[in-house]
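Chain lettering (A, B, C, D and E) follows the sequence in which the chains are written, and residue indices restart at 1 in each chain.
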Amino acid sequence: MLLDVQGVSTGYGRLTVVRDASLTVDAGEIVAVVGSNGVGKTTLLKGITRSLPITAGRVVLDGIDITGTKPNQLAGLGLGYVPQVGSTFPDLTVMENLLVSVRGSLSTARERCSRLLARFPELERRRDQAASTLSGGERQMLAIASALLSSPRLLVLDEPTTGLAPLVVQQRIDDIRRLRDEDGAGVLWVIEEHPRICLPAVDRVYFLSDGTVSAPMRPADLLEEGVLEELFFGVRA
Amino acid sequence: MTRRRGSVIPLLLSSLVVAACAEPGGPSAADSGGASDDGGDIVFGQLLGITGDYASFSPPAIEAAQIAVDEINEAGGVLGREVTLATEDNRSTVDGAIAGYQKLVSVDGAQVLGSLESDGIVALYDTITEQQLPTICSSCGTTFLDDKGGEYFFRVTASDSDAGLIAAQLARDAGYKNMSMIVQNTEGASGPAEVAEAAFSGIEGNEVNTVTIEPGRSSYAAEVDQALSTNPDVIYVGAGIEAGLPILREIHRRGYDVPIIVSPDLILPETTTVPNADNLVAALGAFDVDSPTYESYAERFQERTGEEPSPGLYDANNYDQYILFALAMQAAGTTDGSEVASKIIDVASAPGTKVYSYAEGLEALENGEEINFEGASSSLDMNENGNLVSPQLSILRIVNGEWAPTESVAIDSSLRPSA
Amino acid sequence: MSTLPFWATVLTFGLVIGMAALLLNIEAGWGGMWDLGIAGQVAVGAYSYALLTSPPDAVVPGLGLPFWAAMVGAGLITMIVSALIGWPTLRLRGEYFLITTFAFAEIIRQLIVIQRGLTGGTFGVTGIDKPFAEYFLPSAYPFILLGLAAAATVLVLLVSQRVSNSTYGLTLRAARDNEPLARSMGTAVDRVRIATYALVGLMTGLLVAPVYVWFLGALVPASFTTHLTFLVWTGLVIGGLGSRLGGLIGAVVLTVASEAVRLISVDPEHASRLAAFQPFLVGVLLIVLLRWRPEGLLSERGAFRKRAKPLDRIRRDDPQTLEAVSA
Amino acid sequence: MSAVLEVRGVGKTFGGVTALADVDLTVSTAEITALVGPNGAGKTTLFNVISGFGAPYTGEIVFDGVRLTGRKAHEIARLGLVRTFQTPVGFPSLTVHDNLVVAAGGHGFDGPQDALLRPRADRRGLRAAAERADQLLGEAGIEHLASAYMAGLSPGDLKLLEIVRQLASRPRMLLLDEPAAAMDVNQIGTLSRLIRGIAAQDVGILVIDHNLAFVLELADRVHVLDAGRLLAGGTPEEISRNADVRRVYLGEEAA
Amino acid sequence: MQSLVFGLITGSLLAVATAGFALLRNTERFLHIAHGQFMALGAFLAVVLTAQWGLVPGVLVSVTVVAGAGVLCGALLFDPVKPQGGNVLLFTSIGLAWVIYALLIAVFGTEVRIFEVSLGQGWDLGPISLAPGELAILAIAALVILGLWLLLNRTGLGRSIRAVASNRELAEVRGVPVVRVSRVIWALSSALAAVAGILLGVLGTVTTELGWSNILLVLAAAVLGGTGNILGVIAASLVLGIVMDASALVIDTSYRPVVAFVILIGVLVLRPEGLFSVARRREVAA
């Protein structure tokens, strides 16, 4: 098991937002967490990626307990995280954004980044532009690309498709699939918008409401007529 | 300003206040002059900038004061009592001076006040006059005291007006016509500079270009450039060491090789190292190096510090002021402030037997003679405003890497703007 | 010898700084306007007072008004100057506001230095008219001055108390906490802030500056450097930003503690080390208090406890929260 | 049906990006109006435009017969058009009670003059505001929170107070920005009752929210905003069947 | 012309002083008022040490010592109060400024100190005059700034620093050792302060007031430069230096210090994001 989250509670200060959340991700698997705005999806991810303190439970990454680990050590342990807000360095160029994630000598780093950029032709064209000049979709692409540089075995994505046009959303989904298929990575993916576009790409899904994580479900069950409507709209169409 | 001093109302009101505030059984603070005559040690107060802008002047001045007090005590003290020195820091600021003054007067019980520089003293002028505390200042050049002294205020140094006049006189006598003045925007520097400017430009055919500078800048290149833009044949630099030194170096850097008259603040060892040191000339209230007082003082100063007294640091002036206090107090026969103050001009000036040490003066006074103390810094003869009548001024230049007096001059009073 | 006049003088200075700290508390503690230009406002008030009282034939000529009229005049002048400074400045946020007020104070001080004809330049203004001086012996006057300072402090304290218990004070604190929300409730935040700036200016010119002038006895620009600003700020931070009495207590503790050093007798040779004590004390107090008791000796919550029960500590001015709100 | 707010052809751009384009919207006091749309659709931008926050826009907004163009936020609030905020921090270092007092105290707090020159009147005003605050706390059933500091409240309580506080000033119309976010089911129930109660008192309501379930249940009329444009408008039933809305929300391919 | 050269010297010294200040402002997000005192500390140490050990070793040792002091202060004084936000950091820095100021007085005394270095006499180069020492100061300042720019833009460490400045949380997520980078920034910033203090001391004099008298100008330059790019800070410093020195041609020299602050206020009121700040499009999440 790549990621094992066991009964985790986390939140801001004394405020517990997520309670007793458990979920798992296996290698080569895309796992989604679905839920509407404000139910604690981002909080859960911040807890897993150690940006927020965990008040109960533990997080195990590939057999290593990371409950007490500092966020900047996670990349070295094979966890790549793309936050929802502020997922790029706006003042750095595209190339520099990528280089930040690479340790080791400059020449090998450049080589690796160039190889990676070859997979993202839109970014390749803008390699010396500041990230702040990119469009929303390009920015998300850059964010995913930079997370990939640490050769993660687990990729944690916080709503990478928010605010993107459906066509662009599909492109991002293809990127994510490729990760699973080509690199054999596990993906934990938070989805709020476009569930119907995104869910077919997913292997397993958890539904999050009011800080509580449901039992794992098959995406196909969710995609059945009316289920999403009930979860999201509260009515049966 | 009318002050109904001595009327009954103030006494009544004050005693009420004091009764309400004073420590039970403690001595009343309402006595004028601060201290009561209780037969213990006599306290000479000393208020100067141990820290802050004037800090570099205080170490030698404190040594000099201690030399004076030791001399007084060795001769048997004043009125048969020991003299002690109480020193307070004014932080070179006004509020520091006020707190320090209160400490000296009310805590230490200082019966006279010696001070070094002008700022705090000018602020305290009214208070000191009202409290009738005899006060001498050893390096206050401020023109404020030109007509305000004489009652409780005295100074044993030349006025800034004189310092300004002599600068103009120097330039005139050397035949210069076109002077550029670089003047720091502080009271000590701009006071004399204004007098110099008025006096020099008052002479027909002369031109003056004045550039004001603010201290505390990283460089003064632009200001110096402007001063040099009129191609002066003589430059006047009135500034403290902090700004003065870079200005002198900057003048040299710009390749100007004309005489530079500097204000007394710059007569310091540091300025002897500037590349254009040979061009520098300054005038200063001279130490009367031939006087026996100076010789004996200089010897003791050398013993204590291993250094020569330096006119630019006013240590001999500081020594003189405490000897004057002691003699005046002895002459008055009391420590009462107004009595002592009224004797200061008497013991400093003719007529009277010339005396060259406290012991000599004490002896003469005990013999009932009038005395005229000749100080280490000058003859100390004062006019009715407590200003030196004929400040001895000498022209200093840098000789063999040291500031040295080269000649003495008297002020040409025809240069005085009012004259 | 009695140390009382000395303490009276020190305490007078402490009250001057204390009054300024109380006013700063209205502005910064409750209003959230972190003003680094206090020295400038005090300077405007002090010079206004001095020039209004100074006789027309003095070295630095003035109008020769009686002291009370000059106090009112100084109050009005400082109020107008403060409002004029506040008008462009108050639109700026955070550090930009800090820097701008800082710069304004420095400009005022430099103008005082430069405008010799009006202000006496670095020579300063002497011969200050001290009220009631003619009725008392000079040795008793420190106590009179202390009494006047205490009376002025009581007035400032009354104003501060009134503000703290008024709708205006509540609005001020609300606008500090969350400006967009305050606007959305109909509060003209800019107007409230300029009015606050003007009120602080008025009180500074009316009371703080004159007492400071009486205490100083003469004005030189060196008395209005940023050191004065930092002294007031340190007093307020020590006492507790946002509390009712903290500024006063903190400032008095600070000034008394740093002047008490004078009572330690040392060899003059070591005097410069001792003299370094005041800045050292100010600095250490600031660092230590901010670290271990950031709310100061008295806290805002303590001051407005009434019916409040303590909850966990909050981060005021949390930029993220406010940014999120205004986004 | 009396229209209290009319938005006519409003458009707005940020540095070349169109945030709103030609938005028409009418809110009447008779019904609860909702505005839904995905993230970045421009809902909050529209709120900011209406309530006077942010830079100028094109088009026209009329509230109660008064053109709002060029008016400052506090002036608009004084007309009785009051908004809430998505992040409901309130005034964090004031107590809940004081938060309400600020809102209830009327709009006239422009400076210290009343506090200093008319202290008695000021005190009376403060007391009246405090009574109004007590009453509102009672109505909302949260008296127990009166002396708590805002900074210590739970997100749900903060959300609730965000509305209760703005009610204190007796508005003509409320703009509610995501009132149900971060609330649990029970709180959402309370919230819906509260909003309906307000609407019943002839107060106009425009609510934006992500939570479609909540909005569809609450509102009488729903508008859908996508990429700055109004996509659809109608009753909740119509909206939940609308193909465009499904496409935008769930990502279904348009049929 | 000549005043342009003077302005260039003033401005380049200001740029060295401000670069370090801006580095801290952009990464640690507070106004480091004690930066001025680090300048004074560097100048005093260098005056004393160069007199004993010669110019180069003295300067190197004092810059190193100041850098170390900066790291220590950052770790012991500032890191613990970081969660309390920029204002607390700012006032902690003011407190530190007072403490260093007091220690300078206590240890070195208040006497004016000078470097025993001559800048030589000016060469006449057409309309301008430039002394070898002035050229050296300009060159050193330029080298320091160039070195800083290369470090920031051409090395991994520099990228990490800029990444922390640009988005601290993300930098942490991307595996940047933020604490270590923060230490490096403190060292770098303090070392720059020391270099600036020494250069100022060589050009003028060294006094305990050196820190206080320069910090406001540093603040002004940093704010005018904006937070985006170190080049903005350098440009702002040069502009301030040149305008201050060139103002002597137009108005009385006593107004020189006022000029800088009037510009500062004017710019802040008209363009609060700074004169040279690259208009940064914010990442819109909503």
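Just so we're on the same page, contacts are C-beta pairs under 8 Å (C-beta built on N, C-alpha and C of every residue); 3 or more make two chains touch, one makes a residue touch a chain.
Predicted model, so just to flag it, every value in this text is computed and none were measured.
*Asks:* Treat touching chains as neighbours and tell me the shortest step distance from subunit C to subunit E.
*Replies:* Between subunit C and subunit E, the shortest chain-hopping route counts 1.
*Asks:* By label order, what chains touch subunit B and subunit E together?
*Replies:* Intersection of subunit B and subunit E contact lists gives C.
*Asks:* Among all other chains, pick the one whose mean CA position is farthest from the mean CA position of subunit B.
*Replies:* The chain lying farthest from subunit B is A.
*Asks:* Using CA atom averages as chain centres, what separation in Å is found between subunit D and subunit E?
*Replies:* 47
*Asks:* Once you find the CA centre of subunit C and the CA centre of subunit D, what distance in Å lies between them?
*Replies:* Roughly 41 Å separates the two chain centres.
*Asks:* Quick check: how many Å separate the C-alpha centres of subunit A and subunit B?
*Replies:* Centres of subunit A and subunit B (C-alpha means) sit 78 Å apart.
*Asks:* Which subunit C residues touch at least two other chains?
*Replies:* Within subunit C, the residues that touch at least two other chains are 110, 113-114, 272, 275-276, 278, 312, 318, 327.
*Asks:* Taking each residue of subunit E in turn, which ones touch at least two of the other chains?
*Replies:* Those would be 105, 109-110, 252, 254, 257, 281, 284-286.
*Asks:* So which bits of subunit A are touching at least two other chains?
*Replies:* In subunit A, residues 14, 162-163 touch at least two other chains, as defined above.
*Asks:* For the complex, give me every residue of subunit E touching subunit A.
*Replies:* Its residues touching subunit A are 155-156, 159-160, 162-163, 165-167, 169-178, 228-229, 278, 280-285.
*Asks:* Show which residues of subunit D lie in contact with subunit C when the two form their complex.
*Replies:* Residues 44, 51-53, 72-75, 77-78, 82-87, 89-95, 97-99, 101-103, 105, 107, 109-116, 119, 122-123, 125-126, 129, 146-149, 151-152, 166, 169.
*Asks:* What part of subunit B is in contact with subunit C in the complex they form?
*Replies:* 1-4, 9-11, 13-15, 17-18, 20-23, 26-32, 34-35, 50-51, 55, 58-59, 62, 87-89, 91-95, 98-100, 102-103, 105-109, 119, 122-127, 130-132, 142, 144, 185-187, 190-191, 212, 214
*Asks:* Mind pulling up the subunit C residues that touch subunit B in the complex?
*Replies:* Residue positions touching the partner: 1-6, 8-10, 13, 59, 110, 113-114, 116, 121-124, 126-130, 133-144, 147, 215-220, 222-223, 259, 262-263, 268-269, 271-272, 274-276, 278.
*Asks:* In the complex, go through subunit A and note every residue touching subunit E.
*Replies:* Counting only subunit A, the residues touching subunit E are 49, 51, 70-76, 81, 83-92, 96, 99-101, 103, 106, 109, 130, 132-133, 136, 139, 146-147, 150, 162-163.
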